Each structure stands twice: as C-alpha cells, then as structure tokens.
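Think of it as A, B, C, D, E and F in the order they're written, each chain with its own count starting at 1.
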Amino acid sequence: MTVATTVQCPQCGGAVDVSDELMVAEIVICQHCSSELEVVTTDPVVLALAPEVEEDWGE
Amino acid sequence: MTVATTVQCPQCGGAVDVSDELMVAEIVICQHCSSELEVVTTDPVVLALAPEVEEDWGE
Amino acid sequence: MKVSVVGAAGYTGGELLRLVHAHPELDLVQAVSRRHAGRPVAEVHPNLHHLGLTFHPPQELAPVDTAFLALPSGASAELEAGVAELAGTIVDLSPDFRAGASSASGDVYRTGLPELYADELPGAERISVPGCMATAAILALAPLSKAGLVAGDVVVDARTGSSGSGAEPGPSSHHAERGNAFRVYKPAGHRHEKEIAAHAKVRARMTVTAVPSVRGAQVVCHVTPPEPVERRDVLRVLQREYRDRPFVRVVARSRGVHRLPDPQFLSGTNFVDVGCAVDEDGGRIVVVAALDNLVKGAAGGGVQSLNVARGLPEDAGLEFPGLHPA
Amino acid sequence: MKVSVVGAAGYTGGELLRLVHAHPELDLVQAVSRRHAGRPVAEVHPNLHHLGLTFHPPQELAPVDTAFLALPSGASAELEAGVAELAGTIVDLSPDFRAGASSASGDVYRTGLPELYADELPGAERISVPGCMATAAILALAPLSKAGLVAGDVVVDARTGSSGSGAEPGPSSHHAERGNAFRVYKPAGHRHEKEIAAHAKVRARMTVTAVPSVRGAQVVCHVTPPEPVERRDVLRVLQREYRDRPFVRVVARSRGVHRLPDPQFLSGTNFVDVGCAVDEDGGRIVVVAALDNLVKGAAGGGVQSLNVARGLPEDAGLEFPGLHPA
Amino acid sequence: MKVSVVGAAGYTGGELLRLVHAHPELDLVQAVSRRHAGRPVAEVHPNLHHLGLTFHPPQELAPVDTAFLALPSGASAELEAGVAELAGTIVDLSPDFRAGASSASGDVYRTGLPELYADELPGAERISVPGCMATAAILALAPLSKAGLVAGDVVVDARTGSSGSGAEPGPSSHHAERGNAFRVYKPAGHRHEKEIAAHAKVRARMTVTAVPSVRGAQVVCHVTPPEPVERRDVLRVLQREYRDRPFVRVVARSRGVHRLPDPQFLSGTNFVDVGCAVDEDGGRIVVVAALDNLVKGAAGGGVQSLNVARGLPEDAGLEFPGLHPA
Amino acid sequence: MKVSVVGAAGYTGGELLRLVHAHPELDLVQAVSRRHAGRPVAEVHPNLHHLGLTFHPPQELAPVDTAFLALPSGASAELEAGVAELAGTIVDLSPDFRAGASSASGDVYRTGLPELYADELPGAERISVPGCMATAAILALAPLSKAGLVAGDVVVDARTGSSGSGAEPGPSSHHAERGNAFRVYKPAGHRHEKEIAAHAKVRARMTVTAVPSVRGAQVVCHVTPPEPVERRDVLRVLQREYRDRPFVRVVARSRGVHRLPDPQFLSGTNFVDVGCAVDEDGGRIVVVAALDNLVKGAAGGGVQSLNVARGLPEDAGLEFPGLHPA
C-alpha cells in the first residue's frame, strides 16, 4: 500500500491514512468510527462525511 | 397467629401486621423493606427504626 | 370467553398461549401462524408439548370474543381491520396503536396498563399494551412525578434480554455475538422515551444495553429531586401508590443478598418490582424496576388488561410467582 | 391439609413453599429455618415477596398433617424421629431414607416415584424421593430394561446445574469459577449409580459434569441393545410406558430446532421429558431425559407423591408448564 | 513469510488474523471477504480494532507464500485451484480435503495434526486440519488405542459452543433459543466418527450436544478396556505419549476445584487438555479432552502445522496461555 | 528484572503470574500464597498448568527488584513495610495506597495510570493502581472534563462481573444466586466516586450492578454539557486525548453489530475502549467505557505502570488483543 498522508476524519477526528493516488469522489472509510468519507479535493486532501444509510441494528 | 392491627412501617410506609400481644421493645420486621422495627408504644402501636448493622453485601 | 392468538409462533404469542391455557375463563380457539400453519405448536414452543396444539393459517381465522395480536410493528396496523370483523375485542401488543390511536372501526385504543388506567379499561374493546421497557420506567417514575419528586430530565438506563427483539434471527442475535454481550445498541433516542413522557409525565433520556439474558428488562432511573430527599420519603410514595395493585411489588430490602428489583426472579410472572435508593446528600433518587418483557411487558399485561376490561379477577391466569433460584 | 417445610431456606425447601402455595389442598403452617428464623422469607426467596411469610425456628415446630424435610443428608435422619411426633406424614427429599429404609417409628419409607410405584404409594405415611439425576436416568432406562432392550452396562452421561448442590456457597460454586464451567467433577463412582440399578435394573456407569446453568439435569444414556433395533421400536416402548403418566412427556421430534429433551424448558415444572435416537446400524440406543432437579427431581416429586398417597389429583399444585423462550 | 486469509470475516478466519499478527514470522498480506470487502476488519472483529485492517475482495487476491482457507465445506474445494495459482502453500480448515484428498494441483493434503503426523508435515505444501471435536477425541483416544486399552466401540459424548457452527445466523443459533440450551442436536451419526476412526483407529459412537458457551469443545470418551485397568496405567500412557508435545497437557489432578480438562480455560489457546478417570472395578476408562474449537480445533492447528511444515518453532505465534478465571 | 507476586492465589495475582510470564523483561521469583504454599499453582490457576509453578509461603519471601501486592484492602497496608525491606519497587493493586498515600518507607505512592500520569511515573518506586470501575470512568470522563464539556454532576452506571470481588466465595457470589443476576448492589455511595472526582475532576453519582459475566467492567456515563454539543465534537476530544496512548481505543462505529465498547472483547487484554453518543438535542453526552477489571483495571495497569516507571516499552507483556467471538 502506498500510504502518503494522514488526514483527520471529519466525524471523529481519528487519523485516516490516505493513499497519494486518491481521486475526488472516491470513498474512504474511517477505521475508528466506520464513517464513509468522500474525497472532496485531493491537494490538499479534504474529506467530507458521505450520506449514510441508517441501518437497523436494533434489539 | 393473632393478627390484630396493621401499622405503617416508619421506613418504607409498607403495611406491617402486628399481633395484639405485642410488647414494648419487641422487634418486628417489615416484610417490604426488611427493616427491623422496635415497638415504642403498644396502644397505639408505634414502631421506630431499630439501629441497623450495615452488612457487607458487596461485590 | 373464546380467544385466538395471531402471531402465535412468536415469543409474545407463545406466552399468550401459555397464559390463556392457565386462565380459568379463557378458551383458546386458534393459535395462528403463517409459516407454521398445520404444524404442531410444540415444534416452536416445546414447553407446550403436552397441550397437543396445532397452528392455524391466518386465512382460516374463526370468530372469537377476543383476538390477541402479537405481530411486528406494521403488521398489526395492516391486519387489524380484518380481525375486527371476527373479534369483538382486540388486544394488541405492538406499537401500532399505542398513542391512543383509533381502530379501523373507529374505537379508540385504551392503554393496557391497569396500574395507571384502571378506570378507563372496564368495557374496553380495543386495548393496546405499552412497550416493555416503557412499562418498567413508567411504573418506576409516574408516582415520583405525581408526588413532585422529579426536577428536570431523568436518565433511564435500561437493560434488555434477547427475547426483547422477538423470534427472528439476525446477526446481532447470533449466540456467538450475543452470548456474552453488553451491547449499548441504543445509547440515545429510543422510541420508548416518548411513551414514558406520555404516561409518566417526565422527560426520559434513555440508554439501552443488550445484556446476556433471554428474558427480563430492568431500568435504573436516575432522578434529580427538586430538593434533597430521604430514601424513606420515596419508598412511601411507592408504597402508597401500589398498595392495592396486585402486580407491583415494592422491593427495597435492607438485608439479604437480593435487595432491589432483579429480573431474574420475574421470568414467567406478571410482576413488576420497583425499589429505590437515594444518594447520601439526598441529591439523586435511583429507582430500579424490573419485569419480564414477554409477560408484564407484553402478553401478561394484555391478559391483565383484558381481565380488568371484562370484570374478571385482575390476576386470573397470572398467578405464577416466579422461581428462586433462577 | 396442613403442612410444614423443614429446611425452607434451602433450594428445595423454597420450591416446596412455592408449590404448597399453588396447591389447592395444602396450607402452609410453617416455613422452618434455623439461621433465618424470625426473618422474612423474601430475604432468602425473593420470588415469594408478595406472600409475606416469615421463617420459624425448628424448636417451635407445630403439629401438621404432613412435614416435608428438605435437609442435607444426615440431618433428615437426625431430625426425623422428632418430626414424626408432630406430623402424621413425612415426605423426605434427602438420600437418608432412600433404599427402603425405615422410619424411627418403624414404617418403611416408600419410594416417591409414582411413575414406577403408583401402587405402593396410596396411604403411605413415609415417602422418600429419589435423587434428581437418578430420577431422570431411571425414567429413561426402566422401560427399556423391562422391554429387554438393554444388554450389558449403560453409560450415563449426566449434566447438572449449580442448584443441584444446594444453597451453601463454596469454592466450586463461586460464580467466577462456575459461570462458564464444564467441570467433570464426578467422572466415575457417583452414588446415583446404585439408585439407578435398584429401580431401573440396569448397571449404570455414570459420569457427571457441572454445566453452566442454575437449574436442570439432563442425562444422555448410551444403551447397547441385545440385537440391532430401530428408533421407532424404542419410541414405542417409551410411549406405551408413559401414555397415562401426566408428568412424563416423550419428546423426539423430527422437525424444529428443539427435538430432544432439554432442561431449559423444564425450569419450574414437574415434567420429565424423555426421548431417544438410535445409531444407523441399530447398535446403540441413545436415551435422553431432562428435568428440573428442584422440582421433579425433589420438591415436585414429593408433592406429586403426596398427591398420590392422599388420593388427590396427581398434578394438583404442579400445573406450571415451563417457559419458551427460556 | 507472506500469508493471506481467505474467509477472514468468519470465525476461524478472524482467529487466523489474530494468530498471524502475533506470529513473529508471518506477515499478513490480505484479509479476504466477499461481503465486507472494502470495510474495516474491526466492524466484524472488534478485538482487532487497533490493527487498522481492511478486507479485500477475493478477485484481488495477491500472490503469497501461504494462503489459509477458512471457508465453508464446498467453498474450499471450489476455490482451491484458483488459490493454488497464487500461493505456494495452502492450509485448509474445511472438511473438503480431510481424508488425504488431493489438491487440484495433484499434491496430497497432509493431515494438520502434528501430535500424530509430525513426520509427514515437514515440507508439506497442502495441509488440511481435522475437525474440532474430532481433534479432541483423536488426541484422547489414539494413545489408548495404540496401547491396546480399547476393546470394542467407544462412546464419545461431545459438547460444543455456538462458535462451532460459524458466523452465519440461523434459527438454532438465535440467542433466545441457544442461550440456555442443552440441545442434543446430533445424538447419532456425526461425521466426525469417521475422522476419529481414521486417525485413532477406534470405532466411536458419538453424541453431540450444543451447550451454553461460545467457544470450546469437550469430549467425554467412555472406553471399555480389554481387562480391568487402573487410573495410573492410563495416565502413564497419556503422559508418555504427550511428554514432548507442546500443546497437549495431561490434566488429571487429585486436588483443587478443577481436576479434569475444562474448555473454559482454553479460550484463545492452542492447548488440548487430556485427562482420565477409571471406574472402581477397572471396567471403564473415562477420557476427557477439551480445546478451543477455533484455535487448536481450527486456526491454531493450522498455524501449528505450518510452523512444523516450514521448520519454525512449533509454538510460534501460539503462546497465549488462556485465562483464569474465565 | 526479578519480581514476585504476593497474593498470587487470588484473581489479580493469577493475572500477574500470566502477564509476568509473557513479559520479556520480567522474571518470576515467587508466587506467594498463605493457604496454598507448597501446592502447585495449577491447582488454583489451571491455565498456567504448563508452567509448573509452586506457591511459596509469605515467610520465605525472597529479595526481588519489584514486588506486586495483590492483597485485600487492609492486608497491603499491613504487609507493605515488611515487603519494602526485600523489594526496591512495590506495585500495589489494593485501595490502601490510592489517594497519594505514603509508603512506610516515606515515599509517596504514584498513581498507576499512565494515561493521566505518564510524567510522574518514570523512576517511581511506589505505584498504586486505581480501582477498576474508577479507571474506566476516569478515562471516559477526564478528557471531557478538561475540554469543558461537563456541567454539573455525572451519572455513572457501572456493571461488573463476578471476578471483581475476588476469589473468596460467599452468599452473593454463589453461582445459583449470581448466574443470572442483575443485582443493583450499590445503588448509591460507591467509594469509587471519590477516585473519579480526584482524577477526572467531576462529581460522579454512581450506581453499580453485578451482571452475569465473570470478567469485565463497563461504565455508561451520562454527562450534561454546558451547551448543546454534537457527537463529533465529543469524539474529537477523545481522539485527540488518546491518539498516542497504546491502550485506549476510541470505539464508536457507525456500522456493524458492535459499535460501542463492550467488555466481552477485552477479556485478557490491557485495553480500555471508550466511545460516545449524544442525544438528538445535544443535551446529553453518553460516554461508554469498558475494560477487563483484572487486567487494565488491576494487574495489567500495574505492569503497564511498571513498564513506564522502568523505561521499558509501555506494552511489554501486554500484547494480547482479545478474542472475537468471545
């Protein structure tokens, strides 16, 4: 894996490793909070929370 | 059992059945909260909370 | 009185079969299931082996005095009108008719909680039973609320066993995931908060944890009183409120291993046990309530409400006292 | 009929209190305990909170029709003569009078197992209930033995919950040791082997494992038949034997999740479920039996036997069918 | 050594990820999953949160030295040829290649059980790990069989936790059904009987019960010796056999609470504990064995076998000793 | 470094033996026990069977670099001076030296919580580890408190497994009472409230429930923020605080079955998992933390602190990541 940068997850502030081959509109997943993050720009890398489908994880 | 009266537990307000042969200083136990109650007077029946030894019921 | 149970292959449905059988005035006409129609009830509910019952398909629903609906949310709303054509009385366990909603036939559903609504139930032909954790929290909090002991929001920490989500398997109910879980699956925003507000008149901030048990719900309610209180003040409020209620036991012992309400002793019973403690400075009341989600929190609450509605002894069919050890 | 329970603070004693309360013909006179005399029964048995009972000291034992002894081995033997002066009938749950021993008063104790000894119980004034795992194994094996299906020794693999050893804490019952244990604590030489031999007429080679449950005993009996058999042959033997016995259910389903006897569905009930399977070559019969050690294996077996002895309906007070889910 | 795990979202797959991470010589290249490709491994295996791994889709399988297959029966057989093009060595946990079957590439699969086949494993490029209960029974019985202590058939009473059937939910693994179950789901005819016969050279008559635990398998083997034996004779046979095997512990204490093998102490470890008892007349040997089905019974057995195959220390990556209390 | 464990037959003592064995720089000199002196350690801790250890009596305590005290409250205070003559460094797990108390030798005990006191530990020769539930609550609340997110009192709902009260049996730890218990044994006034106040600078109103697990502590903290917040604000505070702490994992997933900290995945590990949620109106923060009471809450916290004190890698000997499924 070609890990170039670490950016902050906009949801939880956790460190998200991003490759330098990243493309706009690609989806990256935060390891810390499982948020799906959309690449808004690549230089610098800016991530935004992708719209999330609320799962039924009930009891 | 010769149950004559019902008085209120001074601790929890629950109904305590007392016999009419009750004597002063006798100990009655509340069924609701397990409090030990001392008979202060018998006519009318007045109960007071007996001093309690704190048990170790810990974890 | 002739009754049928729709959704009889589910968990609350199975409890209804058990309670109806134990009831001196109720006679089971049909145990209704789509998927198990024609199969022995014991294949699904092994405890009822000796009764020799068979499931009936929904299409063959026969006329009865009372139909119990033990269906998932949505299904009750969908089937209710059809059932109403065959049954004079409907007792629904789902959330579908809880907020005083109306039947397809126009009647308003009464709340199946005799501890609070004993006056409104006699004669009722549409009864909707509140949610299980809601029932526990409401019965813990309503007396305090009425007595003016609640200032501000209440924190409700609820714990639920796996039967609370019904008989349908899924990833989160898989034994290897769930067997030892303390899964805080609903840390905020549980829909029972609204039911609690409606009936107990308090704002509840709820957190629900799925815990390693099959049956049982327990709520620990943290209440801030308007001014410092003592434990006995709170106990008296509870005692006074529930003195004549057959199914609420005030449990707050000062001796023994088991002092506050514990759901382990309530499996199969219609009791809700309520007890309390108070911080040394009088600044927080902790009210603990426990019940069996499938009985007092569902099927038993339904039978109890029907008893009150029809003028039967309130505890008919509901005498089982629970077990110790459990 | 007036009854008292001696050893009422123990586990089988607590079950007796519950069953006596549910019984239409029995009235509790005293719940007897040394250590808890004068204290509320609910401190020990929280399930009975609503009954408002209090323990009595042994010295104050009052005259009754029947005394139940729920005492450890040795204590029954010691106290029996004294109790006999106050009670016409004694039902003992301990091992002390099991092998047809005599009462201090000279009467022979009858075996409290109506499934095998229904004829000997009517009129009995001294009743001794067999051991819990023994009861399961005897009811599993006696019909096969009678039918000539047992050649040679039988391997009995028994599993027991923690209530089986009573209410007294100790290192091996400490939750952190026992909670997840599969502790083969008696791999060989269990004393129930003798009871099984006496009543089922087979030599049992037993192995007992303490398993993670509170209630329940299950035996898996591995029987070598004299010649190859089929499952249905064995099932027929069981069905024929137990057709008219209210508390033995033959459970051997070919569909559903739960096919053979499982103690989880028997908690609180007086049932013993019995079922079987056979190896493909017909060379081994596997008989499975399950029961609640505190009920059918002790207190319930005692009440059932008393019912038979006094001409009451055999199932009086014993109607609870158990729960699903459990 | 570069390795990948195919089926990494399953239970044995998750254990492989854990063991590979702890292994000084193995480097994980890919954790492969169809359904979770692209998602964090921690969503499925929360214990591995800190590793920051992500699942890869099967189509992107990269070349490695060794591929572990942790796939259901059938899937291994289907995918093996494709995997073999990218991986020099394959370690398969499924039943697909167990009976000395051949790889698509022609190589014969060696049995991944170093305790019996240490000589055949060095250099092996195709390794198939035996079943979990089979492993326990084989290691319990093979030494006795070799020593001539087994006459006739052996009764194998096996107990299994819920992880034994993998991560896929279903009606019988639903927590409310399984949480307190003693479900004798395979009273006769289990396919592990054949594996036991092949490796331990005894005919096993097996009965399997699903018990209330997540991990762990325990077998209680009832052996009839050709002539009466004493416990110490049997213990010596076991001790001699396993003296130099790092993962077999002979456990048969005469003091303490825990005397015979109990799976509760083996969770997460690669140990198999073996112990025994003998009937007083010497007429039956009871051998008890326990292991963690996901480790010694699957993933750990695979890693151990790979260690032996590649000349690494046999216990590399497998040092975790288990917990007490558990 | 030579170490001994005093109180080695207890639960935290047993964990110390396990962790010391796994540690590359620590060598066990003695496992000390009064009652088991001269007996094999495996009789008490079966997981350590293969290590072949024997308990030593306290009178024979040998000189070491570091002594771990795993003794009940009171016993540490009593024995400390004697131990100090033989050991340069003392790590105490009991409450006896927690509030910055002084050793008999005059040194002040440092708090064994590297997440908060990393700067004060290097070189320390007296280390006192905080309580297990306190550790969880402190690590959950300290960052919020520092960040100004806590207004008013905090409700701390704590759940504890049975190992939390040690290896000594008693009525409340008896399996038949405890196996299915949700026993609110300390509704108010727990002594950990003071520790939380001291280290996290918040007033905690705590309620503790004994739950059906052996290991594990979980706290659910209900925090009122001074003004409405969003979940991500809180998550960032936690992430920032713990970014470089090897044993605190921020766990708050938005997908998957297991989203918030659950002790089931932490058995045997030194992790504390921390996560959070926020009410829709931003009016309440729910912080959940979980750990293994015997490891991060006691023995592991002690080893971690010793690592920091002696300049060893902070995670030496503490690498076990925990299991899934658990």
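Heads up, the rule we're going with is that contacts are C-beta pairs under 8 Å (C-beta built on N, C-alpha and C of every residue); 3 or more make two chains touch, one makes a residue touch a chain.
To keep track of the chains, here are their UniProt names: A, B = Lysine biosynthesis protein LysW; C, D, E, F = N-acetyl-gamma-glutamyl-phosphate reductase.
None of these values were measured; they are calculated from a predicted model.
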item: Interface with more contacting C-beta pairs, comparing D-E to B-C; value: D-E
item: Type of chain D:chain F copy interface by residue overlap (half), same or different; value: same
item: Most remote chain, CA-based centroid, reference being chain D; value: A
item: Chain whose Cα centroid lies at the greatest distance from that of chain E; value: B
item: Centroid spacing, where centroids are CA-atom means, of chain A and chain F in whole angstrom; value: 34
item: Interchain centroid distance [CA atoms averaged], chain C/chain E, Å; value: 44
item: Centroid distance [mean C-alpha coordinates] between chain D and chain A, Å; value: 62
item: Centroid spacing, where centroids are CA-atom means, of chain B and chain D in whole angstrom; value: 38
item: Overlap residues in chain D, where contacts from two or more other chains coincide; value: 11, 39, 42-43, 49, 162-163, 167, 171, 176, 179-180, 212-214, 258, 262, 325-326
item: Multi-partner residues of chain A (each touching 2 or more other chains); value: 34, 57
item: Contacting residues of chain A [partner chain E, same complex]; value: 17, 29-31, 34
item: Contacting residues of chain C [partner chain B, same complex]; value: 232, 235-240, 243, 250-257, 259
item: For the chain E and chain A complex, residues of the former touching the latter; value: 38-40, 42-43, 49, 52, 54
item: Chain C-touching residues of chain D, taken from the complex the two chains share; value: 11, 14-15, 18, 21-22, 39, 42-51, 162-163, 167, 214-215, 249, 251, 253, 255-256, 258, 262, 265, 267-269, 271, 273, 294, 319-326
item: In the complex, chain C residues that touch chain E; value: 11, 161-163, 167-171, 173-176, 178-180, 212-214
